[in-house]
Structures are given as structure tokens and as C-alpha cells.
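Note that chain A is present in both complexes that follow, paired respectively with chain B and with chain C.
Let's look at the complex of A and B:
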């Protein structure tokens, strides 16, 4: 399979990327690492007339650290997290998650912004950034607007991004020293897409507690009763209400899938001390 | 002692070029003016072709069936009773019968342009109801794939006799249904072909990624309707075959036809999506097995039915009947029992044409048989290894003719099982199982033992009804003027290291080190005839031919050297890379020098035949020779997710006289990892319209490095009395047993949960569904 013919336009920076996207309208698509779009192009499922390449836009590959958050450029690569070339806002969570995305060859090229914009519900960053309460910085013609991670994905592979916007950065709140997190994904084999993902982030100093189940047919779903129980009664309390919460939230899924979602969240909770 | 002869651990001569990426595959070949070809493939599983409309002006660059003047369909004859031929046109006529079937082809300056042209074709199809599996195909009201037939059966065969005595005497009756998934072979290099017209030789040159260049030449001659002398087939480096590259393919014919009629170079390279859809062609079996045993689990007889979902057409030369006939004949495996009946069905379905894959039928029959043995053991309350050992053909019964007339030549089948049991630490596993694991996983241990009929003889192939019966293989061997050796064989290396092992065979006889022996292969223009590389026949057949040819060359060297050494030929010995007489010795270069450069020193009127010899070889018997092995595996099953991890894996194999232990180990490990794919991961899924749902590697899961355990191998050697040097074939064996061994281990792990897995791949979903089903059943009961 070879792609249909397209024009290739490398953007020097985010502003140029937005200008090129505006100029070419619906015919254009962004490419950064190409790890999701590449196969879609080859399969001719994506048929843009123009590809705007973000991977040389240096302002998208940077990191800005402030007292309580870090903003990662959309073109930061998975391997940059894995190898510690960018600081970690989440007490070990980001490098660990990055190190288990697909295979090293994918991580060398794939980018944070590309993965989030592709909006595959099974993608690691989609679940983790929602779990951390990250904010996405969408750059368009009129400047930058901010969208909370949980509001960014409308449905599988559909996002808030307008055709001439790029995901320029991701602001991740820094976890406090006492914060704890758990992350578990169930994959049929190493490197494959997750079939069930559990994310737990609890940061009492900031009054933050979130429990998510991901790798659904739709964006990750917060399990609020579990989060409340976790905040109130700790990990074992969360486990006690987990099965019912998953059955309620995911009643339409077959029992095998529901079981895997329960296991994923339970094992994420186990990482922060659940004993059940 | 010859350091590079038979039995030596010689490093593969192939690896330097392969690991450095310096070899040349079909995709590396560039010809001036070469055009790329892309195929328009059917989007429907079953449909009538109403029209293939080409846009105006593109008539010469887009071709459909009506344009291929002179082309004949692929027709695979068979003499098996009840067998039916199909006509498989390289580009579909009238009807399409599977998703992915080529309907038209487009010619571009590059592949992308050719694919652009495909989008210009207006293909009009009238959808017909698809036949999506074997059972549906055999239903009375099933739509007909081949309308001239009165049902959908390629083959119906009854093997053996009603096991009436066994049924009457049995203390224990075990009945099970087993199922194996449709698979795709997935060689790393896909199929590919570059064809051009060679004006100097006056030949159509077809460079194709194939296991069987000489056979493809024959097939192209039939389907193009031109003499074989007009065709030269070259197999360059081939990146894995596994059976996929063992048949004549429609695309090969279509591209060859273009080069033949237009006298220009054309190329087609299969991509992975084409492979995963149109190449979804193997392994899918359904079994219904009833086994009769006494109270200790001793098998008395078996009554079975096997249905192989053989797809839309019969492949040439192996036919749609071979897999099913082999399944019926091989199901009894290495076991000693005397009553057996098997109904064999090969129904046509709207899927790609079934092609035999590494192990040919035996991964399926081994899975069914080995799970049956374990089911019997559970039924009689004994250890599966005990029941297995007591049923295996004992060493002192060799040679042994089994219930389906297989002639087991040599070996100690129970011995191999016992070694595997010790090596896997069976007693320690049973001990470990008494204490729950800290992580909640369940431990299980499983075994499987099989025989691998290798280098099937001519009569065996003839029994399977093939019109093209493999028999002799040929080798040509030459001493060069400087004392080196060139060996030419028609067999093809597909990654199995034959250049190394054939050099070792020649080295063994000539005493010349293997690194001075060039083995040239895979080109019908430069090599003598071979049926090619399949059915674990390479080292037995081509090895035998090289052995025979090297002996003949050695004799000629003795005659020539005797004159210079002033002795009789009988006194001349070839040892330590020299030619020795009673009173002196010559180097091989000196012998070559006499013949090629100083023939004036030879007596006038000398009738010596020269230092290049061709010999043909066929083993002493036609029964084939039987390698065998026992696999033992320890698994951990996570009962909460259904995920299986292989903790330890042992293979005790016996391939007769081993030519190169490292190559046997590599073949065994490679095969076993493919078998792990069969056991746990690989499955082509279809929707109810026959649309494949696994058309990328994100959906079709192959085992990777992380899924491959460290496989521990033990060699035993029971040389065959029938072959040169006692060699047996070993190329397929590793792939046969993992399904049986691993699922037996899974069932051992799940024994306390009232669950039995009888279907592969044993995916987490299947295991979990079974466990949740058993739990729900318990709750309902209580």
C-alpha cells in the first residue's frame, strides 16, 4: 500500500503550521511522528492533499516548567519521557508510562501531541493525561485556547481540534510529594494496544483524586464512586466499590471485557497499596 | 577428523550477508524500465462480476481476465477418489470467491501510481450469499461456490474401518470437539515477483520469491501455454517460505504473462495487507474425536471426523485435498493402537485457497490427539505423561507400521517423553502446585509428542493423489582448478541454512573444508532439477544427492590422482583436505590443475569424464522417514485475565543423524515460536459476510521476542536406515507440538476450575470466558 499523492510542507514553528493549515483548509493534515498517521496514509484511509510536518518545529518540542506545572510541547517524543530528556511532573509516572508505549521504534518517533490528537481511546497518553487532570493548549489562528483533557476527546478518534488548530502543548500539574499513582494496562502481548487500562492518581495535598478506566470504545471514563471511596477510605475502600462501579459505568460491555476493566483498575489500586 | 563435516557445529555461511543486509531479495532487484503492478482485489467474499469498466485511454495499463490472451487457469489434479478440481484464473472471471481475489491489474511507473490507477476502475459486482465456514459449506442448502458442482465438497474421504471392537471393549469413552483457527503464514518477506524477457537467452526470466523454482517453471509453462525451455525461474534470497511460497500463485502468472507478451520488466511486491487478507489460507481444522480406552487409559481405538476449511480454490500442485487427507492419515500420531476410522471433509468456502503451512496438518492433528490423551488421563485418574508413555509406540517395536500404514523407522518415543519430563522438572512442578502462588496465578505443566514424516517418498505423495509426485533430487558438483568445490542444487534456501549443511555433506566426503565449498541454488537456468524446499525434505533429498554426487566426484578424483601418485585408484584416500596415495599426496588444487590446465600430462585417448558430476538421489524406501520430538512446557495462567505466560519450555528432538546441531536448534526454535503463535495468538477473524477483520498486524497478533520463552533443546540421534548418512528432516517439527503441549498445560493449570480449553488460539478472552462461564454455572447451580 502506498499513499495517494500529497504535498509535503514542513513547518518551522507552530505559527507557520497554523498558517499552512489555515491556507489549505480541510485538505491538510498534520504529521509529527507519523506513527498513527503513517499506516493510515499507506492504507489510503487518510487521503490528505497536504501534509504539514510539525517535527521540525522547535517551539513545539520544548518544555516549560513553572512552580506547579510543566508544559510539554506537542512534539515531545515518547522516548524523551522514557529517557529522562524532559522533566517528569508526575513522580515517575510519565517515564514509566512512556517506556511501555508500543515498541522502542515507535517511541523514538511518536509524539505526545500526535498521540493525543489521534485520540485512540486505548492510547496510553489519552488515559494518563486525563488521569492527571492535564490541560491541552490548542493553538489556532487567534492564539491559544485551553481545553481540559477530559473534554478534549469527543469520541474515539474525534477531538475538539479545529481543522486549523494544532495541539501545541500539554500542561501537567505537578504532583505533590505525598501524591501516589497507579497505572495498569492489559495487553495481549508486549507492545500491543491496551485492552483495558486503569489509572489512579491521588494527591491529598492538592485535594485531587481521580480513578479512570480506559481503552474503551470511547474516551476514558472516570469512576467517581471509586475515587470518592479512595479519598475517604483509602485503596481498600476503593476496591470494595470497584466492581459495582464498573458494572454501572460499563453495563453494555460483555462480561469478559468488564472483568478485564475491573482487573486493570484493581491492579492500579494495588500499586498504591490496595491489598485485595 | 573433519572439522566441517556431518555433525559439526559449523557457523552458518549465510549469516554474514543476512545480518548485514547485504543479500538480494526480489524487492532489491531493479531493471531498467521496470513497471510496478498492483492488483484490484475483490471487496466481497462471493459475488458475480457484472463488469470491470476501465476509464478511456487506460486500456493498456489496466487489464482484466478478458485481456490475458492465452492464459490458462490453475488446475490442480488429484487422483484421490471424490476429489474435485477447481479452475482458478489468475484474474477472476465471472465470479469472485474470496475477499482479496485478484480481479484486475494496473501498471504504473511505481506502485503508488499503479494503486492510483486501480481507483479508476469501475468494478460492478452482484453480491451472492457467502459461505463462511466448513459447516455452512456442508449444509444442504448452502450456496454453491462452483456452480457446476452438486455440492461444495473438494474432497470427502473415509479413512480406516469402524472401530467396533474397541467400542465394545472400552471401559472409557472420551468425546471432544477441537478447533484450530485460520492463520496467515507471515514470512518476514512477502511474496514478490519480477519478470522480464532476456533477449540473449531467448527466455522469459521470472525472478520470484519461491521455495520451488523448478516446480514454478513447470506451472508457468502450463498456465502460459509455452514451452519450459522458454522459461527460466530464479529464486533469489527468500525471506521465509513456510509453504506460502510453495505453490503457483495467480500473481506470478499474471506478471509473467505481462513480461512474456510485452517483452519488458514488470514487478509485483505483495504488501502486508494483501498477505493478511488474500494470504489467510491455512491451519483451520475442526475435529470431532471419540477415543476408546481401557481403564488404565490404554487406547483401543478412535473414531474421528475432521473438516478442513479449504477455501475457494485448489492450490497447485498440492491441491485442496492434501491437508485433509494428511489430517486423516496422521491423526493417530506416534501412538500404538489398531482400530481407527476418520471421516475427512474438505469443503469449499469463500476464503483464500488453503495452502499447507509448516507442519502440514500435523499441528492440528497433534493438538487434537494430545488433548485427547490428556482427556483420557483425566478420565481414568492418572497422570497424562503416564498414559501418554504407555500408549506411545515402544522403542522395541521399531520398525513399526501404524494403523494408517505409516512406517516408523527408528526411535524411542517414550524415551523422549521421559527425558522431557525430567528436563522440565515435572515432580517439582507438581510440588509447586500444592502451594498457591503469591500472585494468584495458576501453574500447569503439559506435554505433547509427535512424529514428523519427513522426505515423504514418491509413493506417499502418490497416495495423497498429487499429479506432480516428488521423488528424486539432483545435485551437480565440480572441483574447480584451484581445488575448491561448486555444488549446484535445484533446491532453494528459504532461511534454513542449506548452503551450510549441504557444504558440510560435501565436506564430509571430500575432506575439503566447508568454507571452500560454494553451494549455488534456486535457478532453473543453472541447477539440476529439484522439487524444492518443502515437507522437511531438503537435507534428506538434496543432502542425499550432494552425498551421492560427492562420492562420484571423489571416485573421479581418485582415478585422476592415481596416475600422478603412481598407484591404483583404490589406494587413493581423500583426507584432511588432501589426496593421499601410498607414497605421497597431492592437494586438490594439483588435481584440478592437471585436468583443467595441463591435460597434456594425461595419457592420450584418456576417457576420464571430468571433474564435474551430476547425480540423482532417492532414499531406499518410499515410506518417508520419521523424526519425532516431545515438548514439555510449564505455564502460569492468570485466572483474573486469562493471560498465559510460558515459564519454561523443553524440546527433546530426534532428527536422525544431525548434520549441524546449531541449525537443528535454530529450526526447532523458529518452528516452536510459530507454534506458540498458533497456540496463543494467531487468528484470522471474519464477519458474517466473509470480510476479514484482521487485515493489519495490529489485529493479527504474531508472537514477538517478549512472547518467546528460552527454549531448552536436547538432541537424540536415531539414524534412519533408509537415507544417506541416516539423516532425517527436521524443518517443520518445532511448529507441530506447541498447540498441544501449551493447551495441555493450560488445562492442567485450570483443572480445579472445572474448565477445559479445546480451541486455539487460547486467547485471554477464551480462557476468561470459560472461567466466568464456569463460575456463573456454579452460582446458578447453588
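Let's look at the complex of A and C:
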């Protein structure tokens, strides 16, 4: 098994990556950790003429902390979150989620920006960053533009990124001290992609609440009635309206699948205090 | 598209020695180790990052050598199973694997040992369950894992006599304890999202699928029918499709789609039939993607129904499709359906746009002739094979 022939162009920084991608157009592809693209190359499903490697671009691997938010570079690795080498904006959520992505050998290479750009709806970061209301910083020829996490993925594997743009960073709002989160994913085996994911983020001080069901055929879907009930009535109130909300949001899914999604969200709600 | 064959020099540290070699851009670290350096202790199993047999250390961290490009290792420090001879912890693990029957055929063992060494280095405490979870990325087909878990536990219990203070302990992340305080209720002012229904999914799979789409246009029915029954104008409204030639009611068509990192170009033939009396029509075709060897077929039925005013009409589409060959092995019904649903929606938008005097959107904002669409069928295949992100 060998990939097709391609040219390998390591980028020193984000600006050079954008320049190389612009120069080589649609035949070029970005690689960072290579944990998704690597297998696709080996299986010749992906046949780029040019690979632009971002993994040594130091400006993409940094972290900037401000009072309200932390910006993580797109090339920050899963293991950096897991091991606490980068600060956590979300009261323990980012390290814990990172520690359950695939396997350690994958987490040592795979990156935040790579996972989000790959845009698999079942990916942990896709669900978590949408739940936290993160903003993605897309760097292109004309500078950086910002896209909200919930608007980034158009469909599975299809994003807002233009061919010559890179996901340079992710701005995650800091959770306040009263905030709680829940995250539950069903995996048949440790390290596999999720079959059903529930995400709950509630931050009373900021008036923020989001409840999502993820690992669908499409990007994560909000359960707005559940989020409203969670803010107004608390976790048990949210559980009370959960089943109906999932049935509405996933009306076209078979019953057995809807049940899996309901339980995933219910277990996420249990993590923040639901007793039902 | 292929590029010329060219070799580049790469220099890195392997098992304590500086080595150089000339490699192709596509050469993996595993192939470089095995073929150029004769370090065949690194085994290649699945070659797409799932089985763990090729696990080696890079800068002290386990990585998959099969999906790491050799060129990306320039200046790095790599340690393979051959480089573990002087390491007391690795020696103890090898002894324990023998003692506890942690191997049989030995194929997974080099990667298993590299992973186990890392597990011991990173943990302050280890239950059997934690060992099993941590070994989730290394597949063994012989032992049933019991012997491996026992071997790891036995070495972990006497790790202090084996380590020269090089344990890289970090506190493992844990689920937070929120305490007894009840979560405050509040007025929700942030985090709202537009409530959307998930893209259609049938979940059940199957090869033949249909999708319905309907649009209303502010044009008289005759004008709309004249447009829809003109293949040279309609085919380009299908995202990614190109009409190559028309012979009678036979068509030569090409359909190019971009699926994340994957691109496919289906080339084939089609037919059309229009009934001016009922204002119903059908276009169908089938084609093959030469690169993947996959075939796809599809049909589009449409009907134009005028309303009483005579100024507006409704167009109903029914799209049907099937995929065979390698791409179809990755498919799950719901994913194909949401993909074709996106296609049908874009087709309807294009028809609407052209009828309103606008242009066909080629999609993507990239100015490409290729419509950037994802073929969601690959997702479940990622799930079953890659198990990563």
C-alpha cells in the first residue's frame, strides 16, 4: 500500500501555508497530524498532487489567553490538551474529551484544527467546540476571518474552508465558575468513533446554555427546547422534554437510533446533576 | 495527477544514531525504517493506522509509523523496538511478555511493547481496566490480551526499580465533581442556535434510494417546461455535471465530485425522455470513476404543475441513485441519502436561479468548475476503519 506520488511542502508558518495552497490550487491538500489524511493517502482515496505540511508551523501551535477566552492554535495536538500542556478554558472538559479521542499514538499526532477541518460529524472536537460556542479563525490570503463553530460545517466532510484557507485557531470562551458541562459518547470499542454523542454546556453567569446531539449523518443538531428547560428549570426539567425534542430534531431517524441519541444526551445531563 | 519522481534527503536520529536516506515524499516512516535501514522489527499490519503493529517512539512519544511520512521526521529522534535493548523497562516488559504468555505469533509484539512502555511511563496508578483502555489501539489476534495485561501489571508493580527517574507523570483528566450545590436556574440569553432538523437519514441502508424535492417558481408553466426539457440547459444545473455530447436522446455526461480529500469523476452515458403532454420527464444515467473503480447510477424524474393563476408553477423532482464498487463498501444508507439530498437541493436552487434570470452556482466559493461536495458515504467507513480523527 503506497500513496500516489505527491510533492511534500513543509510550511514554516501559517502565512507560508496559505501562500503554498494558493499557488498550487485545488490539487493541494493540507496535512497537520495526518491521522485522518494519512490513511486516506495510503488507501489512495485521497490523491493530492501537493501536500502542504503544517506540523512545524509554530505560529499555529501556540495558545493565547485573554480574560474571557483562550485561542488555541490549529496545530495544537490532542495530547497537549490531555496532558495539560495547554490551559483549559472549559472546567476540565477539554482535557477529558481529548483523553478519550482514538488512541494515545493518534493523540500524540492528531491536531485540533485537523480534526475540525476534516469535519467528521462524529468527531469529539466537532461536537464539543459547537457545544462551547467556539469561534474558528480561518486564515486566507486576505487575512483572518471568523466563523462560529455552528456555521462551519455545511455537511459531513464539507466546511466553510476555501481551498487556500487553513483553520489557524479556535477561540473558546472561558466557562465561569458556576458553569457545568456533560459529555457522553457511545463507542462500540474504546477509541472508535462515536455512534451517538450528547453535549451539554450550561453557564448561568453568562446566561449560556447549549444542548446538542452529535455523531449524526450531518453536523451536530441543537436541542433548543432542552436547553431552554435546562436554563429555566434545571437538569431534571431538561430530561423531561428530552425525548420529544430528539424525536422532533431526528424525526427521520429510525427509532432505535433516536433512542441511542436520547440516552447519550440523558447521560450527559446526568453528569451535571439530572436525577431522572 | 502525478508528479515527477524525485527523492529528497532526510536526516534523523534512529536509535541513537544519525541516519540519512533518500526518500520519496510518499515514503512512510515505517517503510524507511524497514526498507532503507533494515530495521524490520517495526511491523506493518493494516497500514492505515488502526492495528498498532507499527507503533514506534518519536521524540519519546508513541506514534504510528505507517501514517507518518519519513520527510516529516526530519531532525526528529525515533526509537524502534531494536533500540530498546539497553532500556531496563523494555527488557523487563519483554521478559514479562514471555513469562505471562503476552505473545504468540509475535506480529503485534513490537508495537505492543512500545505502547506498553509508554503506558507504564505515564501512569501513577493502573487498574486492569485502564491497561485495557490504554491498549485499545494495539490489536492482538492470538493472546486474548489477558497475558499482555498481566505482563504490563507485573512490570508496573516493580517499575520503581526499573526507571531512572524518567517517568513523565501527568495527572490524568477526570470527570469533575460539581459538589452538592444545585445548578442555578437562570434566564437564557446566550447559546441559542437555529433549530434545524437533522439531514434526512434512513439509517437502514440499501442500494436504491429515492429523494423528493419540490420548488415553486414565479414563471408560467410553458416557460418552465421549455427550460426543463432542454437538456443542454438542465444538465449543468446538476452540481458537478457536464454535458459532453448529445445524440438523439442519448447523452455523454461527466460528473465530478469532491468529497473532503477524495475526488471522483464519473463518466458515462445517459438518456432522457420528455412527455410534452403531461409535462413530465426523466433523465437517467450511469457512469464509472476510473480511479476508484466505482460505479454510480442515478435518475431524475420531474413534473411541472401549473397553478390556477397561470403565472406560477410547481416543479416536483424525484431523484434516485445507486452506488456500486469500492465507494459503496463505505456506504451507509443515511449518509448517501444526505449527500444526494444536498445535490438535489442544489439542483433545485440552480433551476430556480436560472429561471429567475440568474446563473448556475458552481458552488464552493472557490471559483472551481468542480463542485465541492462531500460524499458522506465514506463516513461510516472512516468509523469502521480509522477510528480516529
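Convention: the second predicted complex is superposed on the first by the 276 of 276 C-alpha atoms of A that agree within 3 Å, B and C clash if a C-alpha of one lies under 4 Å from a C-alpha of the other, contacts with A are read in each partner's own complex, and residues count from 1 in each chain.
Basically, contacts are C-beta pairs under 8 Å (C-beta built on N, C-alpha and C of every residue); 3 or more make two chains touch, one makes a residue touch a chain.
As the structure is a prediction and not an experimental result, all values here were calculated from the model.
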Taking the superposition as given, does A:259 touch the first partner, chain B, the second, chain C, both, or neither? first
Contacts for A:67 in the overlay, against chain B (first) and chain C (second): which applies, first, second, both or neither? neither
Check the residue A:2 against both partner chains and state whether it touches chain B (first), chain C (second), both, or neither. both
Residue contacts on chain A - larger count, chain B or chain C: C
Quick check on the superposed pair: does A:105 touch chain B, chain C, both, or neither? Answer first, second, both or neither. second
Name the contact category of A:142: first (chain B only), second (chain C only), both, or neither. neither
First (chain B), second (chain C), both or neither touched by A:186: first
Share the list of chain A residues that count as touching for chain B in one structure and for chain C in the other. 1-5, 39, 43-44, 189-193, 195
If we count contacts the way the header does, which residues on chain C are in touch with chain A in the complex? 1-3, 5-6, 8, 24-26, 28, 31, 47-50, 52, 55, 58, 61-64, 66-69, 71-72, 74, 115, 118-119, 132-134, 136-138, 170-176, 178, 182-204, 259-263, 291-292, 332, 334-335, 337-339, 342, 364-366, 368, 370, 372-376, 378-379, 382-383, 385-389
Could you list, by residue number, the parts of chain B that touch chain A in their complex? 110-112, 115-116, 271, 273, 640-643, 681, 696, 698, 701, 703-704, 706-707, 763-765, 768-769, 772
Parts of chain A lying in touch with chain C, wherever the complex brings them together: 1-8, 10, 26-27, 29, 34-51, 53, 55, 79, 82-84, 91-92, 95-96, 98-99, 101-106, 108-110, 114-115, 118-125, 133, 150, 155-158, 162-163, 178, 180, 189-193, 195, 201-204, 206-210, 213, 216-218, 221-222, 224, 227-228, 231-235, 248-254, 257, 271-273
Mind listing the chain A positions that touch chain B in their complex? 1-5, 39, 43-44, 186, 188-193, 195, 255-256, 259-260, 263
